[in-house]
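I've put the structures underneath this note.
Below, chain A partners chain B and then partners chain C, in two separate complexes.
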Partner chain A sequence: MKRRIKAYLPFTINELKRQMAYKGAFYLFILVKMFGAFINYYLWMAIYGSTNQNTLGGLTQGEMVIYIFMAYLTGTIVTVSVSNWVSEDVVQGTVAMNLIKPIDYRMSLISRASGDMIYQFLVPSVFIWIGLEIYRAAVPGLPPFSAEKVLFYLVSTVLSFLIYVLFDFCFGMIAFFTTYIFGLMMVKQALIAFLTGQLIPISFFPEAVQRVFDFLPFSSMVYTPVMIYLGKYTGNKLFFMLLRQAAWVVLLYLFGSLIWRKVTKRLVILGG
Partner chain B sequence: MIEVSHVTKDFVMPKKYPGLRGAIKGLFSNEKTVKRAVDDISFQIGQGEIVGYIGSNGAGKSTTIKIMTGILSPSDGTCFVAGIDPNRRRKENAQNIGVVFGQRTQLWWDLPLSESFTILKEIYNVSDQAYREQMEFLNQVLELSAFFDKPVRTLSLGQRMRADLGAALLHNPKVLYLDEPTIGLDLVVKDNIRRAIREINEKYKTTVVLTTHDIGDIEELCSRIIIIDEGKKIYDGSLEALKDTYGTKRTLSLEVKQIQKASGFSPAEILGVREEECITELDFENSLLKITFDGHKLQAPQILSTVMNEIEITDIQLKETELAEIVKEIYRHGTEGE
Partner chain C sequence: MMRMKCRRYLRLYRVIISQFFKIILQSRVDFFMGLFGFFFSQILGIAFLYLVFEQIPSLQGWTLDQLIFIYGFAQIPRGIDHLFTDNIWMVAWRFVVNGEFDRYMLRPMNILFQIISEKLQPDALGELLVGILLVTRSMIKGIVITDALHTVLFFVSILAGALIYTSIKTFFAALAFWLKVSGPFLQVAYETANFAKYPTEIYAKGIRFMITWVIPFAFVAYLPASFFLKAGGSPVVIGMECGIAAVFCCIAYFVFERGTHVYESAGN
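Take a look at the complex of A and B:
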C-alpha cells in the first residue's frame, strides 16, 4: 500500500507545481470568484436589512456572513474539476498515455486533484479564513472560536472533496461517449452551485425539497461542512452527517468503478 | 512472449451523413456503422525478437498495438503478453511493457525531463540501484544528459523522441512497443534511435514490436516482419523470405556508347525466355539500356554477355528491387484483392 501511495504522490506534487507556474491566471480567478461572493454578501445584507426578523432560514445576520464566505471558500477547495481533465484527455487522446502505466486512472486524477485542493487551501483560503475569524471575534453574538469545530470542519471538507471528485469522475465519463462535454459542464456547474448550498443555504428550501436533497450527494459537498463549522450540528447529528458523507464516498467510489469498467470496454482512442 | 490469437476489433460509430442536411439528419438517426479495424489476426512473437509490424495508413497496426498494451479490449479472440491478458490485468501488464507512441509523449510537458524520470521511477517502483544503473546505460546509448534539465516542451523532436524511448525503458520492460518511433526525425537521429533499439535488444533480450512507415527501420532492425492490410494479416515471415518471394526482379542498367544500335535489341529472344521475364527499356537521353529480369530465371552475367556480344558498354549498374518497392506492391495487391 505504501508503494502505491508513493506512485501517486508525484501527481499531487506535479499539480502543485503547475498551479504555481500559472500564478497570474490563478489570482485573477480568485478575484472574479471573490466578486461573486461579495455580490452574494450585499444581497443578503439587503435582505436582512429589509426584514424585522432576526433569523432567516435559521441563520442570524452574523452567521449568514460567515456562511456566505465559508461556503465560497469550501466550494473553491472542494470543486476541483476532474471532469475537465478527463474531457481534455479524451479529446487529445492522452488517456492512452495514462493507460500504458501501471496506475489506476481514477487514482491518478484524485491525486492530481489533491494537489489542486492543497494549493487552493493554502493560498487564498487560509487568508479568507483568518479574516472571517477576526470578524467572528469582533461581532458580538457569534459563537466563539472552537478548535473542535475546526477539526470536524476539516474532516468534513476532506470527505466533501472526495465526494465531489468521485462524482465528477463519473460525470467526466460522459466525455468518453460524447467527446465534448463543455455544455454539460456549464449545466453541471449551475446545478452544483444551487444544490450544494453555495448560492442559498439549503435550510431556505421548503421541507419537501430538503427531504429530496437528503438523498442526493450534493448537500454533502458544501452545506454539511459549513454547517459543522457554524456549530449547527452537534453530538449524534454531527456523527450522522459525517457518516452520511462517508457513505457517499463509498457509494460514488463503487459507482465510478462500475462505469470505468464499462467505459474501458468500449474505449475509442482519438487521433490514431 | 506475445501470443495473439484470432483477435478481432470492431469499432461502432454513429452513422454520419454528408453536408448540413446530413448533419441535421444525424441528430435524429440512431444508425450505427461497424468498422472492423482488426480482422482475425493471430501471431506469436518469441523473446528477444524484433518484429516489424507494417501496413498502410489505417490498416489496423495501432489498434493491434493498443490491444497488446491493454488500452483497448479486443471484440473477439485472445491476447497474452508474458502470460498476462493485458485487457483483464492492465496494470500488471503495464509493468512488463514499455511503449513509445511516436506522435505523443508520455513525459510531463511542463516539467524538466529529469522530473519526468523521477516520477516514472516512482510509478514503476524502480529501486534506487536499478534506477542508477539503467540511467547510466540509457545516457550512454541515448545521450540524454545534454538536455536532462530542460523542460520537455523546449526539447527538439529528436531529443524528445530519445527521451520518450528512455522513459519507456526505465523500468526495463520485457516487451517494447514502438509505434512509429522515427516519424519526422532527421537521418542522424534516426540512426541513433535505431542503434539504441538494437543495443537494448542485445543487452536485455527485450522483445520489440515496431510499427513504421520507414523502410530503413525495418531493413536495419527487423529479422521478421508482419504485414497487415485492412485488418487482415497478409504476410508473416523473415525479411529475406519476403525479398525472395516478391523481390525477384533485378534491374541491369547499362550505359552504352551508341544507343541507336540497341534499338530493336531483345535479349529475351536471344536467351529464349518469355518477354515479361526480361524487359528491355531504352533511355536515349542518357544512353542507357535498362534490362529488368527475373532473378530466379536468369543470371546477370548471362544477360551481360549477350549484350556485350552486340553492343559496346561503358558502365554497368545492377539494382535489386528495394524493399520499399516490394511493400508498395503488396499494399497495392492487398487492396486490389478486395
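Take a look at the complex of A and C:
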C-alpha cells in the first residue's frame, strides 16, 4: 500500500505544481466560470421575484442562493476532465508509453485529477464557501452552520469526484475510436451541467424524469452533495444517498476496467 | 483600382474556401459531431427555460415564447461570426507565441483577411440552426413583427451583431501581439455574451452597464431582439447597434494593425 502511494503521489503533486504555474490563466478561467454562476443567480432571483410562492422545487429563495453557488463550487471541484488527458495521450500516441510502464494508467489519471481537485478546492472554492457561510449567517430562516453536515458534504463530494472521474475515463475511451471528440465533449459538458443539477435542481424535473435519474449516476455527482449540505437529507435517507454514491463508484470502476481491457487489445500506435 | 483589388480578394476567398470544403468532406464524422455538439448544448438551454416556466407564468413580464425568441435570435449573429472568423482565436492562443504569424506577414495580402479566410468553422452551423429554428418558431406563433421595415432591419441587425462579435474577438486577439498569449482574456470577453441571452433588466446596474456599453453584447442580442417583439420599440436601437458595430470595427482593426507592427517572430 505504501509503495503504491509512493508511486502515484507524484502525479498528484505534479498536477498541483502545473496549476500553480499557470495562475494567471487559471484565475481568468475561474472568472469565466463564475459568469455562469452569476447569470444563474440573477436569473433565479428574477424567477423568485415573478412568483408568489415561497418555495420553488422545494427550495426557498435563500436556499436557492446557497444551492446555486454550492452547485457551482461542487461542479468545479468534481468535474476534472480526465477524458481530455486520455484523448491527448491517444492522439499523440503517448498512451503506449503508459502501457509499458509498471503502473496502472487509470490510477495515474485519478492521482493527477486529485491534484487538480485539491487545487480547485484550495484556491477559489474555499473563499466562495466562506462567503456563503457569511450569507447563511446573515439571512434569517436558513438552517444554521453544522459541522456534521459539512463533514458529510465533504465525504459525499469525494465520492462525487470518484464517480465523475471514473465516468469520464470511460467517456475518454471514445478517443480510441475517433480523433475528434471535441463535439462529443461539448455534448457531454452540456449534459453534465444539466443532469447533475448544476444548472437547475433535479427537483424541478417532472416526477417521471426524476425516477429515471435515480438510475443514472449524474445526480450523484453534484445534486446529492449539495442537498446534503443544505440539510435536505437526514438520517436513513442520508446514508442511503451515500451508499448509492459508493455503489456508483464500484460499478463505474468495474465498467472502466472492462472497456479498458477491450480497447487496449485493439490499440494500434504509429511508429515506435 | 479599388474594384480590381476587391475582385482579387473575392477570387482568393473562393479559392481558399473551396480548399476548405475538401477538408470537411474528408472528415464527415467530425463535421456532424461538432455540429451536433453545438446544436445539442443550445437545445438544453431551451429545456432549462421550459422547466423554469413550469413554475412561473412570466419572468418580469416576459413570456416563455418571448424569451425563446431572444435566446434564438442571439444565436444567429454569434453563429455567423463563429462560422466565418473562428481562426482569430488562433492568433490569441498560438500564432503569435509560436511565431506561426510569420507566414501571414510574408504574403502580399491583407493580414486579417488571410487569417479569417483560412478557415470556416462548420460547428457554427449548429448554433445557426438552433437560431433559425427558434426564430421561425416565433414567427409562426406570431409574436414577432414581420412588416417590411422590421424584416429589413432584422437582417441589418444580424449583420451588425456579427460584426460586433468579430470586432471584439479581433481586439482581444490583437492583445496577443503585446502579451504573446491573450486567449484567456478573449475567452472572458467572449463569454460575457452569455449575459445577453436573457433580458438585461434582471441584472444589477453594474453588470447591465458593462454589457451595454463596455462589451456591448446587449446590442447584439437582447436589445434588438426586444425591438422585433411586439413591444412598440423604436428602430433607433438598430441604428445604435450599427453605430457601435462601426466604431468597434475601426478600433479593433486599428489595434490589430498596430499589433502587427510590434510583432516579433519567435525566431528559430
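Just so we're on the same page, the second predicted complex is superposed on the first by the 269 of 272 C-alpha atoms of A that agree within 3 Å, B and C clash if a C-alpha of one lies under 4 Å from a C-alpha of the other, contacts with A are read in each partner's own complex, and residues count from 1 in each chain.
Convention: a contact is a pair of C-beta atoms (placed from the backbone, for glycine too) under 8 Å apart; a residue touches a chain by one contact, two chains touch by 3 or more.
A quick note: this is a predicted structure, and the numbers were derived from the prediction, not measured.
*Asks:* Per the contact definition in the header, classify A:Asn84: touching chain B only (first), chain C only (second), both, or neither.
*Replies:* A:Asn84: touches no partner chain.
*Asks:* In the superposed arrangement, does A:Gln61 touch chain B (first), chain C (second), both or neither?
*Replies:* neither
*Asks:* State whether A:Ala96 touches chain B only (first), chain C only (second), both chains, or neither.
*Replies:* first
*Asks:* On chain A, which partner's contacts cover more residues, chain B's or chain C's?
*Replies:* C
*Asks:* Applying the touch criterion given at the start, work out whether A:Ser203 contacts chain B, chain C, both or neither, answering first, second, both or neither.
*Replies:* Touch partners of A:Ser203: none, neither chain B nor chain C.
*Asks:* Give one of first, second, both or neither to describe whether A:Lys265 is in contact with chain B, with chain C, with both, or with none.
*Replies:* A:Lys265 contacts chain B only, not chain C.
*Asks:* Just chain B (first), just chain C (second), both, or neither: which does A:Phe182 touch?
*Replies:* In the superposed model, A:Phe182 contacts chain C only, not chain B.
*Asks:* If we count contacts the way the header does, which residues on chain C are in touch with chain A in the complex?
*Replies:* 27, 29-30, 32-38, 40-41, 44, 47-48, 51-52, 54-60, 123, 183-185, 187-188, 191-192, 194-195, 198, 202-204, 207
*Asks:* Under the definition above, what is the set of chain B residues touching chain A in their complex?
*Replies:* It comes out as residues 11-12, 62, 66, 69-73, 90-92, 94-95, 97, 99, 101, 103-106, 108, 110-111, 115, 118-119, 122-125.
*Asks:* Could you pull out which chain A residues touch chain C in their complex?
*Replies:* 24-25, 28-29, 31-32, 35-36, 38-39, 42-43, 45-47, 49-51, 53, 56-57, 178-187, 189-191, 193-194, 199-200, 204-206
*Asks:* Mind listing the chain A positions that touch chain B in their complex?
*Replies:* Residues in contact with chain B: 3, 6-7, 9-10, 14, 17-18, 21, 93-94, 96-97, 99-104, 264-269, 271-272.
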